[in-house]
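I have a structure I would like to understand better, so I am pasting it below and will then ask my questions one at a time.
In order of appearance the chains are A, B, C, D and E, and numbering begins at 1 in each one.
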């Protein structure tokens, strides 16, 4: 067993285990914590798969940004009564049945293709030279597929123009979402609401 | 034990992704807490992301998706962040109006 | 003293019998008024253009009671409670002392604190000073917005600055005497 | 006390969160002792402040009914324990007023020297502690460096560094020791240039200005209505100082002294060209002005000490021999206020002719100054609560007595 | 290094996990030493420096004249103290929170290089990560979770306030911090910390700080934001002792409390070291001593292998440690001089000042770079720098339009990427 395999199992175990813990826990803050660990371990998996930039991005935005927001939201709304909401046991049974079925299906699919199951032999040669560099990702986002240059011909040129349009769309989308979220979170306070809570 | 000791392939990653996906779906279905549902969505997206990265990794398979896998994963991450912000804003707004974030009680339309 | 003799006659002409007495020869000359007129007189001395006593310096309750029964006969005073209001004017730079006589207990019932109208609507200083007076000397200020004990704990029994005050034997398990 | 909903500042904060009731104190780093403030907060915004007092109540007034006036002097020390000398003076003058006891010139100048030094020492603590409230520790130690030297001087005079019991009805317990004036002069010469350091650390510091300007604005009307006195009153621009406007028995101590009341008149402080300019964000009556008045009073007191030392060294008469321990008090009642560092300290003494008072009352300045706190703390962020309470410069020993 | 160990244990399997594990352990021990010993030194230093600032001596007794061992003695006291968990607390998260903070601070050190150029590793880092800058920032951002969870789990309102403030503050300050960091990344054309450091080789005028006026300006923004994101005064709102008692660590005692402190000092050093690499030439001293020496000896370059290379590496480590310590000292100095800001002022400062300034500097630096306004730097061209710059400008041209692809020619492009990549691994 080489260290890649070892680390893969470590991270896979952590991300799956804590994902299950998220489902099993009924305390929102603990759920958020488990989610953090689960997503951070997933970032580890990304690093193992050679996607360094995506891994760092996962930590930075997903774990760092989204979850801080989430915990912030939890704390803002964390009245003791809402921190833990217990699920009915009948819901659990239903969820377990359907979830189990779905998992079985997906697992079967995952191992059904020979090419997917068998790992590439010459891994060591690959990791150090390809796919780890952010510049190719950046250039793809700017509309240039440098990794596809070798296959460049007139038919593929359209495909080589990269992701400039989606990138721009997402940029605008993010801006809109930011403004929208800020607007949505505002409430005009009703007169009298200051005193109504505690007394 | 060849399954465990072999070098990992795409399938292994897919399995992890599947587990996270299912966890996310179950989480979305069972949690009554609005923020809990949100966390389920994050798990689902993350499970999908693992698949993209795995298919895009040259390390796991020579005929890989290449950069497209990573790029789509990136888009998913960014969009998930946007979605979380909006969902959180909705949750806060909902909480302001109803003093609860129990989604089962969100059955009336006017806020 | 603000206005000297003129003030006394001015007040007398305005409030008549409500001005009960005065001592203009004392080191700090004072005017005694009846409790019923306290708020009106206060408002008058605050707003009057010549007086302008806009600052209330201090409210004191003096408990006049000779505890020793042997001395009580020649003490020279009947047991009573005396409220003293020290006023001053920042713009005119003069002072005034108002006194109000109260019974030691309301209707002579031991333990029932006497009542006095609150001047907290005239001077905001009075808010806390009246609370302190209520707390330590046992005077209930009618019309006070928030008459609670201020220095002693909320569940303290008795009024410590009364002359006949007995320290409780025990307070929440703490030995008193 | 109902919350004012129509307060503009509360509405502005528009992400609503849960309300919380928070106890600030009695064990809290910035409540100057054992003050307890109950805050009703909405997120970071405080909608209501309720002070709870009495954690340091020591029944001083009741004790006063059982001791002779001279015996009660040590209890006045323990009221405003940062300015014991000024507390002593208030009570001593009050007793002298009842006894109609007059002092010699020399004794009066001695009292001016001591009290103004006490004022400097007290304001230094006020300044340093205000720095602590705003989260900077260094000015506190800078202030104590100088205060220690004043305490050294006091120690030579009376043997104590905190509770002096030095000024007594009738005068003082002892004359100034030989060579003391020279040491005092030395101290003042050394102290004068250091004040620029304080101004650099706090008064003109950009963050300090941001934290204090336009915070806790106290209008003159409100200040008078709530009985605020001392630097708090003068910080609101009210020209009132008992050293000039008080009773004759007190102001005669300062007869012939050249001093101006420190407060902003027509947009100017006296001699303000010598000191840092008022920042343009500052509003009359805010925390910055209260602090600034104190800083200027330090300089003024130094000036007064110098004048008093000149007069003392040439004055005639004795230094003021204390009255006998059990002097009979004539029947009657007297009230006298003095200008203590934190405001007007009043003592009320009722006597029925015995040698112990019938009733003693202490009107403390911090008590009234603090009472305005719930008014000006409405709708401010939590971080401004220490800034506002600190700018009132309260001492709990004086409030709870 | 793992290969080296495995060559003894498993000659046929150079990437066997046992060798990697041993290597990892060695690295872990070394990093823990950096953090723990660093914290010891920094706490001692904080006391001495603050003492000097405040006209006093600071510790003088324990461990000789300067109180060297004061922190160690305090550490022993803290270990011996009772570890209290409040009754209201969520004890699981409460106990975990300090370790979470520490782990984040620790993990960020993994990608931090201390020097470059020794044979068995291109950078003296536990693991050289290609997206190093990004990784360090991302992981450092996780430290906030420990604080938030501590604030929440303590079950105290003051702690909760601290946690909420921390969340708001750190989320806000990550934006300008990222913007500031992007500028050196853009200049270097790489996110690899080793590359960024190597590019500033030569005289100190090659440091990115002096690259152009915008980088000079943005360094101060970076330092401000860094102080805010590691919670140092005047931005220590999360613990704000005059308002929130002690903020998020109000309820902590003993060892757990000291772990928070280790994390704090660890990340203080980390952001300082990052500043050193990004703006102050990293392990390169102000004068290229070794390069000068090599040319004096008539060598082509200073060797990267053997004892000589090791000596150069050690000099680099000393350099970066010195720069990091200077950064920490400045933070200490600031803390003991300034009052604390209010939370709304902190957030305002971030969004109204730091973000726009950083954005303008970014645009300015881009303009400077794009128009080749080399001004100062061309006077002292560094070897590696010139190479990478050449590649960078080629890439930059090609970025403009997809049609430019054909003009420039595919092979050039591929070579450019390869050079950039290959040069560092």
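Just so it is clear, contacts are C-beta pairs under 8 Å (C-beta built on N, C-alpha and C of every residue); 3 or more make two chains touch, one makes a residue touch a chain.
Computed from a predicted structure; not experimentally measured.
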item: Centre-most chain, if every chain is reduced to its averaged C-alpha atoms; value: E
item: C-D against A-E, pair bridged by the larger set of C-beta contacts; value: A-E
item: Centre distance in Å when chain A and chain C are each reduced to the mean of their C-alpha atoms; value: 72
item: Intercentroid distance (Cα basis), chain E paired with chain C, Å; value: 68
item: Euclidean distance of C-alpha centroids - chain B vs chain D, Å; value: 62
item: Centre-to-centre distance between chain B and chain A (centres being mean Cα positions), rounded to whole Å; value: 5
item: Chain E residues counted as touching two or more neighbouring chains; value: 164
item: Per-residue multi-chain contacts in chain B, two or more chains; value: 92, 96
item: Touching residues on chain C, where the partner in the complex is chain D; value: 26-28, 54-58, 60, 62-63, 75-76, 84, 86, 90, 93, 95, 97, 123-125, 127-128, 132, 136, 145-146, 149-153, 160-161
item: Sites on chain D touched by chain E in the complex; value: 20, 22, 28-30, 43-44, 131-138, 141-142, 145, 201-202, 205, 207-208, 210-211, 381-386
item: Partner chain C, residues of chain D touching it in the complex; value: 1, 53-54, 57, 59, 61-62, 97-98, 100, 222, 224-227, 238, 240, 245, 247, 332-335, 337, 344, 346, 348, 350, 352, 358-359, 361, 363, 367-368, 371-372, 375, 400-401
item: Parts of chain E lying in touch with chain D, wherever the complex brings them together; value: 50, 53-56, 157-158, 161, 164-165, 233-234, 236-237, 240-245, 336-345
item: Interface residues, chain E side, partner chain A - complex; value: 2, 13-17, 19-21, 90, 92-93, 96, 129-131, 134-135, 137-139, 141-142, 144-145, 148-149, 151-153, 160, 163-164, 167-168, 170-171, 174, 189-191, 395, 398-399, 402, 405, 410, 413-414, 417, 420-422, 425
